[in-house]
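Structure below; questions to follow.
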Amino acid sequence: MAKITLDNLAHSYLPNPASEDDYALKELNHDWDDGAAYALLGSSGCGKSTLLNIISGLLHPSQGRILFDGQDVTHAPTAERNIAQVFQFPVVYDTMTVRDNLAFPLRNRGRDEAYVAERVQEIARMIGMEDMLSRKARGLTADSKQKISLGRGMVRKDVNALLFDEPLTVIDPHMKWELRTQLKKLHHDFGHTMIYVTHDQTEALTFADKVVVMYDGRVVQIGTPEELFERPEHTFVGYFIGSPGMNVFPARVEGDTAYIDGSEVKLAGGYAAIDGKVEIGVRPEFARLSQTDGLPVRVHRVEDIGRHKIIRAEVLGHDINILADEDEHVSADMNRVTFDASHVNVYANDWRVAPTGEAA
Amino acid sequence: MEKTVNQKAWFLVLPVLLLVAFSAVIPLMTVVNYSVQDTFGNNQFFWAGLEWFSEMLDSDRMWDALGRQLMFSCIILAIEVPLGIFVALNMPKSGVWSSLCLVLMSLPLLIPWNVVGTIWQIFGRVDIGLLGYTLDALGIDYNYTQDTLAAWITIVVMDVWHWTSLVALLAFAGLKSIPDAYYQAAKIDQASRWKVFRYIELPKMTGVLMIAILLRFMDSFMIYTEPFVVTGGGPGNATTLLSIDLVKMALGQFDLGPAAAFSLMYFLVILLISWVFYTVMTTLDKREG
Amino acid sequence: MTLELRNVSKVVEGQTHIHPTDLTLEKGTMNVLLGPTLSGKTSLMRLMAGLDTPATGQIFWQGEDVTGMRVQDRKVAMVYQQFINYPSMTVYDNIASPMRLLGIDKSEIDRRVRENAELMKLTTMLDRKPLELSGGQQQRCALARALVKNAGLVLLDEPLANLDYKLREELRVEIPKIFEASGAIFVYATTEPEEALLLGGNTAALWEGRVTQFGLTPQVYRQPADATTARVFSDPPMNFVQIAKTGSSLSFGDGRTVPASGKLSELPDGRYSAGFRPNHLEITQHVADAVPFNTTLTVTELTGSETFVHLDHHGERWVGLVHGVHDLSIGADLTVWLDPRHIYIFGEDGKLIAPAAYALAA
């Protein structure tokens, strides 16, 4: 187990990057705490796989250093880093039995057979494959194979970190539940440092203590699921986390009031003068239809999705999504919308602005 | 998948059926016809029953030829398969060099058999051939027309030169289909180069290698032109392989009956071996699936 | 335009993939085939398209028997889970290709390509090749090609399954709009209940090759005809608890009894299976007459705004979906609450006896 430090790290796939746009991964400083579970979340092409490959040593960064427990491993080869990785597609050694697959990393490191046998048994119990140990890996289902990859990653007790690269992509939906659950439990029981790359918010939020949201080669927010939901630091986080994503409106902010095209929206705190593109963001969960109060709204359609309703509407010329409870009645005369002031966030050039008095 | 049924499609197959009938079935029947009769010229034929078959089975000549044939096929497989894999493993995986390699390696495959034979026939000659002359100049006693071993080495090397590319290309295709993740996982597992080959590369190549072995075996088992051009089956009968012997018997000595019986048995042997290969391959496939 | 399946079934190598099915799809409707993997969605679609011949039964298109007709002669378009486009053609040529096969004249082709490209937000990408596009754009290109034919029947086989979830969210909103503009019969296969609800229209719930229920989507959702449909049309699946009614009290198998109220009081005495959706479980007492259950928390999972709680209730595995992000400790005892108005009553044979009270009101 180790603390992983990224020091001034950046990477470009071009030989001579000229501008910031040429970087697939923009400059980054971060400590990954020992024993914590992180998720790297973002859409495809945001740089999350680049970052993972730099940590695993499959890629050497064009700038900066990477340290494991304070020791510089920037140029160390993968084999020396003592990490384990689970890939998008299950990697198993087809001709070997499940037992030999699990024993492979230990035998390669010359551990004695008694220890290997004991460890393999232990891991097989953890991943629930004790009764399949003598079977050939070929012909097993994708989720069993992925469990073997996972087990192979955990069989060494001394790994510095376990890395996952979208490991549930090829797994059947109903099996995803089970594997996700199992992963979480394994982290709970063994406390490895884990880094999990995904584009699926449920996977990320479920798995991780801290979610690292990436956008366009940059880390836009690192936070707990609650923080990402309630205080998105960047409009992208607001959009990406939650379904539907956060509503964003261009606005003018003066003190504790925002104005959308001149209409007033109350804010929870006061704000100093803000430069640049100013917007306010409200999650659909914190918007509510009303007959009497708030901004005028035109409802386009109400989608009943069972446990709640999504109201697709237009407020002052901007599209808005509003969530209503399953048993909440939406009547035709509800032509106004109110926002929960404590959940209205203010953004300048897409980055959140803290109200005066909020601890940074 | 079920489709809407009508019978029109059969007409589309008809030309091929006719072609196969004329090119294969009728000649085969002619051979069957010869194999059970005897002739003394003048188109007079006498019923001979299975006499030719039993004669051929008792003749040392056929068994010797079969022995030589099996030895030849086994030797070239034993060389070409490992060599082909070795070449494939060491080929550049992508880029210009990879394409260049592929083109260079395809070249021998495009040369007609008799040309290959002629090339080696001249190449190996002690008087004007580069190889033969060089070896002779180095004091090595090499003469494929006189020495059995030299003759064998020549035809084996020729076949290896001609066909190793095929095995290499097939193995290369197998290697290319292995996702990068496997190699990365192996690095992480600290697997040695040998283990990467043994547990990742070889299993992924099994399918194409089976095809390569089948193709090379069948082809070498029926080989005629190349060794015939180089050695003519000599010295003595040292390189008289099955097909060379067959042609000698049928056209050289005009023993149509025994030759026909011989070729039918030859045909059955090839059919049998193909069947064995086919069965082995399909069961392998099933095991993988 | 209607598509009618009469007693249609499909058997492959002695295995029944589709049990005899009757289904009528009306002109201009969106029809969702909802079921887990291997429940027969694709088999049923292939029968509708004419790609497969049914083992029994007939298929009628506008009243005409088209059972044996080739797929080329039917007005059918299909979109698959994989993004299938011609890689060497531009987006424009991809969209135009089905019309060129029909020999439609150039100006008309151009007009329709541009119209559909506009609808699919592909106008700026018409000159590009499919592989230069993102997954979502590639699938929109495939959708445009399917729509441009003006086919009367458009079959979509899990078209969004291979996309990032945010793109999926966007296209889910767009597809009903496109559908409204086209007037064709849409058939849309999905494994996800939420997708079915978002698309609206009608839903056929499928389970092991049988259509368990067909009707208006919200109605199938709120009033499932049997426990199987309820299970299929709920993600995570509906939870069940065995109950017994004697006189005016209900017992929940854990030794507790509660007075039967409302609809439940009208049930004859006997044993029943009570079902309730994960989102109706609460971790606080939200209404006065809520029924408490003592459970053990086995796992929690978080979506952006909600928490899944996996519970063990005396050996039964339940899942609850509660609002907000909760940090609960695994392995702890947790009391969960259920409003009796959210309980569905199924008989021992699985048939619905009484829908939940709230469902009748909604």
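To keep things simple, chains are lettered A, B and C as they appear, and every chain counts its residues starting from 1.
The criterion applied here is as follows: a residue touches a chain if its C-beta (ideal position, glycine included) is under 8 Å from a C-beta of that chain, and two chains touch if they have at least 3 such contacts.
Keep in mind that this is a model prediction, so the values were computed, not measured.
**Student:** Which two chains have the most contacts between them?
**Tutor:** Result of the pairwise contact count: A-C comes out on top.
**Student:** Which one of the chains is farthest from subunit C, going by Cα centres?
**Tutor:** B
**Student:** Where the centres are mean C-alpha positions, what is the separation of subunit B from subunit C, in Å?
**Tutor:** 57
**Student:** Roughly how far is subunit A from subunit C, centre to centre by C-alpha average, rounded to an integer in Å?
**Tutor:** That pair's centroid distance is 27 Å.
**Student:** Show the residues in subunit B shared as contacts by 2 or more other chains, in ascending order.
**Tutor:** Residue numbers touching two or more other chains: none in subunit B.
**Student:** Mind listing the subunit B positions that touch subunit A in their complex?
**Tutor:** On the subunit B side, the touching residues are 179, 181-182, 184-185, 187-192, 195, 199-200, 203, 287-289.
**Student:** Which positions of subunit A touch subunit B when the two form their complex?
**Tutor:** 56, 58, 77-79, 83-85, 87-89, 91, 93-96, 104-105, 108-109, 138-139, 149, 152
**Student:** Enumerate the contact residues on subunit C facing subunit A in the complex.
**Tutor:** 36-37, 134-135, 164-166, 169, 173, 191-194, 197-198, 200, 218, 221, 236, 277, 279, 299-305, 308, 310, 321, 325, 327, 330, 358, 361-362
**Student:** Subunit C touches which residues of subunit A in the complex?
**Tutor:** Subunit A residues touching subunit C: 43-44, 172-174, 177, 180-181, 184-185, 188, 199-202, 205-206, 225-226, 228-229, 239-245, 283, 285, 303-307, 310, 312, 326-327.
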